[in-house]
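The structures considered in this document are given below.
Next, two complexes with chain A in common: one pairs it with chain B, the other with chain C.
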Partner chain A sequence: MAEKLLEVRDLVVKFKTDRGLVTAVNNVSFDVFRGKTLGIVGESGSGKSVTALSIMRLIPNPPGQIAGGTISFKGKNLLDIPLDNMRSIRGNKIAMIFQEPMTSLNPVFTVGNQIEEVFKLHQSELSKADRKNKAIEMLKLVGIPSPEKRINEYPHQLSGGMRQRVMIAMSLACQPDILIADEPTTALDVTIQAQILELMKKLQDELGMGIIMITHDLGVVAETCDDVAVMYCGNIVETADVKTLFGHPQHPYTKGLIESIPSFDSTTGIKKERLPTIEGMVPSLFDLPKGCNFQDRCKSASDKCRGGNGEPILAEIASGHQVSCFHPMNY
Partner chain B sequence: MNTWTYIARRTLYVIPVILGVCFLIFVLFNVFSPDPAMIMLGKHATAKQMAELRAELGLDKPFFIQYLDIVKASFTFDFGRSWSTKQEIFQMIKQGAIPSLTVTLPGFLLSTLISIAISLLVAFYRGKMIDKAVVFFCVAGMSISSLAYILFGQWFFAYKLGWFEISGYEEGFPYFIPYIILPVIIWVILSIGPDVRFFRTIILDEVYQDYVRTARSKGLGENHIMFKHVLKNAMVSIITYVIIQLPFLILGALLLESFFSIPGLGAMTLNAINSSDFPVIRAMTVLSAVAYIIFSILTDVLYTVVDPRVRLH
Partner chain C sequence: MSDYLLEVKGLTKRFPIKGGLLGREVGAVNAVNNVSFSIKRGETLGLVGESGCGKTTLGRSLLRLIEPSAGQVLFGGQDITKFDALQMREIRRKMQIIFQDPYASLNPRMTIGSILSEPMEIHGLFLGRTERQNRLYQLLDQVQLPKDALNKYPHEFSGGQRQRVCIARALAVEPEFIVCDEPVSALDVSVQAQVVNLLMDLQSELKLTYLFIAHDLKVVEYISNRVAVMYLGNMIEVAESSELYGGARHPYTKALFSAIPKPNPNIHMDRILLEGDIPSPMNPPTGCHFHPRCWKVTDQCKAAYPAVTAQSQTHEYRCHNPI
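Up next, the complex of A and B:
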């Protein structure tokens, strides 16, 4: 078994809004292992990004607040340590890349300056020349051609894919234990998307970090992840290893997501049929239904799901496979 | 394109702008305004005296020639003599510039630096008590007339407490210092309200940008993020705002100078307006137009220093 790097238990994150307190993340638990990738999948607003930002303690407070749970990084609860210690972990031991490569880099500083800043902060023993060389090395590592020249360029002189490579170079500069990738390829072309995912996979093999891949794209999950957690309305509704999840989805929501991946007939290359969709909308966090959050969109919902039995609880139905559903699909 | 070519080309724009400014001055002062000869000599003057004075001032020439005279004066900076003091205007401007700058320059520098510092602070504590309090005092301060600050300052701090000189001026460093302290303080107080409100908005726009989140995720501290990442991005807008004020530094502070009897360009302009001293008003108008153009060129050039995305062409 690989080394357990991160253990999140019963994480609760609430946001204060004009319409009252909402729970964006509700009792979420998962583990991240060295050299493995955990996928967190869900629709917009399901709480996946908030979960990621909580690990970095980057939830804007106010209005957000981590209301409960623990986030243990190598046995130390990140929610207990002083902010200064947290800062020395950010970008150093746990790094993050974001969805919007176009705006995530600071437009008025050179790419080199922004990468060197990480070394300046976390490896202050390095000389100026060393920092520059290491920045060039990082750009080379993420496959940016002529890095000696690129290092003096500004973000606007690079394409979206190149900028995301720079973000990756920056996040991996200190060889972190964990990389959190918040929809790293959503804003990119499909071809560039494949390149970036491949690059991350390759760098994971070389550097051995654990990755948390946050995405709404099950295609990305199938390609990159070892384990998956499916989130819905701030809860994890199903978690398993990739093979099990795709082969035997237990939660109707997971099943719906998998069915709505476009598939092609392998001989003719033609789309087989009309793509099934999950009917209805995600309920508002202000107005969650009694019982199961998914009841209004679920074909097999019964009175049990709608009634006063409370929410379904995440329970293990097979080794390493948990689901929170009153009527799991069964093998 | 090279920065110098850009500056040269933009400088050439001064020519059509000055022609236009001259035309406006000419129309306002020579065509629409009452006869200056009558104003200067009073209503009991004889027709002969008036005709003589008009000839002396060049007001009997055809309009077109008078216009050309103004244009010529603008390009040579030889504005002739003041109608009321008979001094050469160029000399008057030279003499007035130093006292003006001793008030406006420290006032401007202090108020800009203090305002940027306060803005960064309140942007950092956005939404908290201190932010709300500062915004409240800015608005309250802006709502009070500048005359109130001047009169209260002179009465209370200078007259009652005797901390400063009430008014007056002495040439030469360091003799002028006691005289400029109170005007500079009032300048700073007058500027801080609008400055802080503007800078705060600019900085708040930046604080919520994605690159700030990236900087935090790298482990940078809030001070470093504010002073390095946010401030440099905010600089683009701050520079525009600040440099547009610079021409007014040269022109002096109209009210402050006349209330504190500082013999600067502001007081000079105000006197000229009061005594219908057209050549002086004309000179100051042309001067401000030129200063405005020069500083807007400077703004454009500074953009390229702060923001690498800006190219001049």
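Up next, the complex of A and C:
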């Protein structure tokens, strides 16, 4: 069994808004292991990015607030340590890459400068020349051609794929234990996406970090993740290893998501006449129904789901496979 | 009447680059370069390619929202590039467009009712009060929105519902041809499928013809009868969608399809990983624009741009060393 790096238990994150208190993340628990990738899938507003930001303690407070739970990193609860001490962990032990590489790089500094800054903060013993050499080394690691020249360029001189490589170089500069990737390829074209995902896989094999891959693309999940957690309205509704999840989805929402991907069957060339869909839309977090959050869109919803028995609770139905549903699909 | 609703011949859009003290032209980008294709009545032609390949420019120049630099656009046999403003307004009733971002393409200060009425107002359709009201209800019904939507504002709707409003607005003037420019890219997965189904239902109900632009190959392949692939302003391959997936001849098409992550953890395909980035269209490579990234490149590819090879009536490609 790989080393457990991160253990999140019963995480609750709330936001104060003009319309009242909103629970963006509700009782979320998961683990991240060394050398493994955990996928967090969900639609916009499902709480996946908020979960990631909570681990980094980057939830703006106010309006946000981590209202409960623990986030243990190698046995130490990150929620207990003073915010100032978080700096020695952020970017050093746990690093993050974001969706839009242009807005997360500073346009007025060269990319070399921005990578060197990481060393300045976390490895202050390094000399200036060492920092530069290490920055060049990082750029080489992420496959940027002629890094000695690129190091003096500004973000606008690089393409989207190159910028994301720079972001990855920055995040991996201190060899973190955990890399949180929040939709790292959503803004990129498919051929570039393939390059970046391949690169992340290769670097994980070399450096052995645990990755949290946040995405809405089930294709990316299937190709890169070992374990998956599906989020809906702030809750994890199903979690399993990737093959089980795609092979035997138990929650109607997971099943619906997988089926609604247009697929081409290369062997027959026949396509389904209509795409199976999930009816309706994600309910507003301000106005969640009583009982199961998915009841209005669910074909197997019964009175049980509509509030009589409270919310469904995430329960294990097979080894390593948990689902929160009163009527799971069954094997 | 010909089978083809739309025929495009040698369409080119050139954007000059101004520079220097006097604002002289220092170069040009051929965003769309000598593209020819045709779309049959009732057919959906999918148009795919990566960002900057010219697919949106092509879509817009068909409606002359961007003025093409050269070439012909024959709509129902008439060359609309020669039309004056008045004729253009009339023909636009038959050609509509749906944009990518339903948050940006609806005026936030107008109710859904006035958004949907405006195109009919402009074209003088359904003028009577009750007639207009019935038409509005009919449109909402067609895109499966509730009747009370008419008095609401765009911010009261979700992304998927807004895109339904955009579709209803395009349908308001009873068009024959709709350019769908990335209509589902901004939507969540579960909503995407709903809108794709809606577009397909409307097509069979109203006998519409679509040009469906998207970078999501799975959606394009699903909705289209034929698919055209663009790279740096050129159309490099066109084929029946069922044929293109398995039988792509152009290496770029093959690589593009192999790059899509498959939603099945049990399949591990041999992926063709393309090296490098898309070159700048300001300064495209000589010969075949794809040659610096191609694994089948020969000297011929560096020297001359490949001509169109027609493999069958429906399958054409531009490549010196096809697969």
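Here is the rule we use: the second predicted complex is superposed on the first by the 325 of 331 C-alpha atoms of A that agree within 3 Å, B and C clash if a C-alpha of one lies under 4 Å from a C-alpha of the other, contacts with A are read in each partner's own complex, and residues count from 1 in each chain.
Here is the rule we use: contacts are C-beta pairs under 8 Å (C-beta built on N, C-alpha and C of every residue); 3 or more make two chains touch, one makes a residue touch a chain.
Values in this document were obtained by computation on a predicted structure and should not be read as measured data.
Chemist: Quick one: is A:H122 in contact with chain B, with chain C, with both, or with neither? Answer first, second, both or neither.
Modeler: First partner only.
Chemist: Applying the document's definition of touch, where does A:N92 land relative to chain B and chain C: first, second, both, or neither?
Modeler: first
Chemist: For A:M56, select first, second, both or neither according to whether it touches chain B, chain C, the two together, or no partner.
Modeler: first
Chemist: Look at A:Y154 in the shared chain and tell me whether it touches chain B only, chain C only, both, or neither; answer first, second, both or neither.
Modeler: first
Chemist: Applying the document's definition of touching, compare chain B and chain C: which contacts more of chain A?
Modeler: Of chain B and chain C, the partner in contact with more residues of chain A is C.
Chemist: Does the superposition put A:L141 against chain B (first), chain C (second), both, or neither?
Modeler: Neither partner.
Chemist: Contacts for A:N106 in the overlay, against chain B (first) and chain C (second): which applies, first, second, both or neither?
Modeler: first
Chemist: Sort out for me which residues of chain A touch chain B in the complex.
Modeler: Interface residues on chain A, with respect to chain B: 56, 58, 62, 87-92, 95-96, 98, 100, 103-110, 117-118, 121-122, 154, 156, 167, 170-171.
Chemist: With touch defined as at the start, can you tell me which chain B residues reach chain A in the complex?
Modeler: Against chain A, the touching part of chain B is residues 127, 209-211, 213-221, 229, 232-233, 306-309.
Chemist: For a test of understanding, state which residues of chain A touch chain C in their complex under the given definition.
Modeler: Per the stated touch rule, the residues are 43-44, 159-162, 189-195, 197-198, 216-224, 242-243, 246-247, 256-258, 260-264, 266, 269, 271, 274-279, 281-282.
Chemist: List the residues on chain C that touch chain A in their complex, please.
Modeler: For this pair, the touching residues of chain C are 50-51, 158, 160-161, 188-194, 196-197, 200, 215, 217-219, 221-223, 241-242, 245-246, 255-256, 258-266, 271, 273-274, 277-278.
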